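Right, I'll just put the structure down here and ask away after.
Lettered A, B, C and D in written order, each chain numbered from 1.
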Amino acid sequence: MSKKVRKETIAVEGVWPVGSYVYKAPTLYQELLEGFKQKKIIGSLCTGCGFVYVPMRNICGRCWRKIDARVTVSDKGTVKSFTLSQAVKKGQVKVLGMDPVEMGWLKEGERLIMVLVNFDGTNSKYTTILLNAKPEEAHIGMRVQAVWKEKPEGKLSDIIGVEPIK
Amino acid sequence: MMREKVAIIGYAQSYHQANMPMTREDMVFEVAKEAAKMAGIEREDIDTVINATNDYYEGRTISELFLVMPIGAYLKDYTKVEMDGANAVFYGMLKILSGTHDIALIVANTQGSTFNPHQISVYTLDPTFDRQIGVLNDISAAAIQARVYMNKYGISEEEAAIVSVKNLGNAAKNPHAHRRMPGISLEEVLSSKLYCDPIRELTMSPISDGAAAVVLASEKKARELSDCPVWIKGVGSCQDSYIRDRKLYKLEGLEAAAKKAYQMAGIKNPFAELDAAEVSERYAHEELMIYEALGFCEEGRGGTLIDSCATFNDGQLPVNPSGGALSADPITATGLIRIVEATMQIRGEAGAHQIPGAWRVLAHGQTGICAQQNIVFILGGEE
Amino acid sequence: MKILKEEVIPVKGIPVVAGFRWSVGELMDRFIKELGNKKILGAKCSKCNYTYVPPRAWCSKCSAKMDANNLVELSGRGVLVGYTTAYVELDGNGNFRDLEKPKAIGAIKLEDADSTIFMPLIDVEPEKLKEGITVKVVWQEETKGQISDIKGFKPEK
Amino acid sequence: MWRNIAVIGVGQTKHGIRRDINAAEMIAEAAWKALEDAELGPEDIDAIAIGNMQGFGGICQAELWSGDLFAAPGKPVLRIATGGTTGGSVAQCGMYQVASGLFDTVLAIGFEKHSDSKEPGATMGLSHVGLANMFHLLANGVDVRTSFAYGGGVGAAAGVSAYQACEYMHRSGCKIEHLDMVAAKSRRNAAKNKYAHLQWPNCTAESLAKHPRFGEIVAYPLRLGHICPASDGASAIVIASEEIARKADRPAWVRGLAACADEENQQAENAQGVSILDTSEQMQCRIAAMKAYRMAGIKNPREEIDVAEIYQPFPHQELMYSERLLLFDDGKAWIPLEEGETEIDGKLPIDPSGGVLSTNAIGSSAMQRVAECALQIMGKAEEHQVPKDVKNAVAHGWGGSTNFTVVTVLGDTPRLRW
């Protein structure tokens, strides 16, 4: 592919302050995080179709009704899909204007294994990262279990990730 | 001419308010579900779902993405109209007239509390010029329009303020309205906070959270499902030129839209033939301009018409018995709320703000600065 | 289990903005550059004679195509066709800000042009504004060929 | 549908990085080209349907400002936006406008101007899809490293697609080499399409995989060369009623159209859970395809469809959607790919225009699929015209987080009414 010289006109600038919006969130995550404090994963159960959602969902579109029952589910599950992040060097990419290596989020050359996990007893998938495994070991159908923080404090980071069940 | 008739068989609207203690999802779920319940249908009966929102107001690109499930669109024909909700009804009607769908669910929603909609009006301007100059927004544009219009026809600020008195007073009887002010006086309106001369807090619409939904049906289905279908007799829509190249003292686009709608509905003298009208007046003076464009009075006589009290609830042609957009303005839902209110009037379900014997009602929706895009519906009961 | 209901939690964002740089097109490019020479250009449709300020590539009245040959220089004087005084402005982040000193905004029809432009009015007392008065452009001390070269318009004495 | 309608004119701008015109002029360029192609004047147009994803270009309801450049004043305008499907939804809106009988000639326009965004490659527009969710997650103490997983490392639709590619490969047994073959075919075809953005004549799977830059895997299993560009461009079609279309030389008749939405594919509002465990299942696409084929009277799509334009910003999607459009067996699309059946001169050409992999101006992309199908039927696709008589063509588009689908079937003869 060759680079061509493009005709350009001058440009004028403007911004859209996307960070100034205030959104409304339901209290569902509060319930989930209450459970996290006891190393428990709580899901919402639609009594219409029997589907269990983790993280919780408050409306089931299949049955077109509100979901209000709660169940505790296992913290073991199956990898439904995965992808690997790009191994990046310092200054290579920016996330919302920040360099992930510089910020200490990623080590240089590290490839994060990002997985969608279907916890046993649920019908949904939970997004997290796979720990204690090499990228080439990741596969769909892999059995994993949640890795909890030693002292959970009711935050999403209480689940550090998932690791293979040996 | 329409090949078939299309009817509204169910409707619902939220209790519009400044900051609704409800997520966007719950809000649309409730109105959609209520409208379907009223129409006596289940999710399985719906053929197509049309949503009206705007990514800028919602603060999410693909704002309808997460609304698929709450809105009842799971595995349904689904699309989004990024304009006033009345246009979504128009699209739903087109689908039914095409003969491909029988029942359409239309939902429109905006939560103004997410982000100031007046700021967003700036983003609709020409980015290469007007947005750079930085003086124009929907309030300042409306203020200039108000001045031009009022000076040209000798209309006083009081006459425009009467519109606010009328609409906010009417809203007191409407439990769904956001700004309800029983016994509001002219002085109160004229002494409210000045934004852009002559636009004041009470002569411009409030920023509201709200949603509305209607169920449309083909003639066959409507007769099957409903005892009291409300028919769409006529519709007209028109976009006007960009604000730099159009007349500021008159709503030419609305005039053209109304002409089409009247022609379709066979209306020759709208003032005599209509029983009520629900219009989207974002600013008080705009309602006077709307009177003229809709042919309720001659050009420049909007002030005289409001002075005569003919558009009050006990007048000859009540306009905005619900309180109109001045009482609640959840942007993309506003036009759809007008259709819902018109339907309520025809079905005799408007409660305290019912106009007795309303059988042919006009509903109007608008999009854009100084009402650049207008859509007019003529709704009617069984002839 | 206790179910919390009908409560919402406001979610505030982190301060990020989406930035844009709109390319302006050939005619606007000329228009903006000529501002540096203290000239205001318009585009006159050769079919219907409607003159646009700022210039644009198609005529909205008769749909004729316009190009650099349609550009005409305008005098910088015009008639005030409408005005308002703003007491409140938007701060760009969606908040209203009360202005200490109200700002006057004018809708102006430049001589030989048909479009109305919306411009700040400077050096005026809001009470003295009247439709039909002649206004003229005020340039920045140094013009650089950008839109902000126009400081505003003021009534001609 | 009670009356027949047809596409009688097609217009496209050169897609790519267009810093030489503004958004309004770009839209107008496509609109006027379409009108010229249809041999109609602006006064003949009864209504307009238009759409784009407004977060990308930074202009809200751009038709309000730009409408004046393509004769919108005085006409009813409907603005449609549904994510990636936007162009297809706009085209279908135009089709319904004519089919309803209220209008006889309609102009439908899709456009996008990504280069107006300061951030490269539409990243802000894309991340904005899930920005509210991300704020919610951050407010609930998500670990930053885990938060990358929500975007699949690349963000939004691209993130969903990386997971989806993995699922599809697991389901079908296809390999990264097959993705290379699709991407190379697309770049090759694009070189024959004068409107396309990324053109790479004689590109092969090997040359793409071994390319120092494009060969790098950015989000397993996707290479940089597997990801669509962020283009600027606009495309437009003119749709007309049967009486008007009969006067045209060889109109592309609309034989079937359908749209369908499924549950969000990765996460719901405020990062709630979703229960689509296999995003390569694509139930909504199967439903839309079946509806559209039934309307078109197509009983055996494999035999009756002559060319398909599939919306494939990522290569696995060409394979996956060709299966969901019932053109191949589930999980077997890589076999005909290996055999060259989907090349321009193959048995069933897919994306002879190069498709979305080579040109992605989001609002325009799905519209281009309809436009390209129309061109193939009209015989006006020039260099990338498939060397056979095109009787039926299918145009596809996906949007949202791969959970919206539009399918339009065009044909060389009007639809039979029954």
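Please note the rule applied: a contact is a pair of C-beta atoms (placed from the backbone, for glycine too) under 8 Å apart; a residue touches a chain by one contact, two chains touch by 3 or more.
Since we're looking at a predicted model, the values are computed, not measured.
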Intersection of contact sets, subunit A vs subunit D, gives B, C
Comparing B-C with C-D, the one with more C-beta contacts is B-C
Greatest Cα-centre separation from subunit B belongs to chain A
Report the inter-chain centroid distance for subunit B and subunit C in whole angstrom, where each centroid is the mean of the CA atoms. 29
Would you kindly tell me how far, in whole Å, the mean C-alpha position of subunit D lies from that of subunit C? 36
Subunit B-subunit D separation of Cα centroids, rounded to whole Å: 33
Using mean CA coordinates as chain centres, what's the gap between subunit A and subunit C in Å? 45
Each of the following residues of subunit D touches two or more other chains, namely 19-23, 55, 58-59, 68, 73, 118, 124-125, 128, 131-132, 135-136, 139, 263, 268, 270
Quick check on subunit B: which residues sit in contact with 2+ other chains? 22-25, 56, 59, 68-69, 73-74, 115, 123, 127-128, 132, 241-242, 245
Subunit C residues counted as touching two or more neighbouring chains: 7-9, 11-14, 16, 18-26, 28, 60, 92-94, 147
In their shared complex, subunit A is touched by residues of subunit C numbered 1, 3-5, 7-26, 28-29, 32-33, 92-94, 147
Spell out the residues on subunit B that touch subunit A in their complex, using ranges where they run on. 22-26, 29, 33, 43, 56, 59, 68-74, 111, 113-115, 123, 127-128, 131-132
Contact set on subunit D toward subunit C in their complex: 18-25, 28, 32, 41-42, 55, 57-59, 68-71, 73, 115-119, 124-125, 128, 131-132, 135-136, 138-139, 270
In the complex, subunit C touches subunit B at residues 6-8, 20, 22, 24-25, 28, 50, 52-54, 60-61, 81-88, 90, 92-96, 103, 105, 107, 114-120, 126, 131, 147-148, 150
For subunit B, which residues are in contact with subunit C within the complex? 21-23, 115-116, 118-119, 122, 127-130, 132-133, 135-137, 139-141, 143-148, 151, 193-199, 241-245, 248
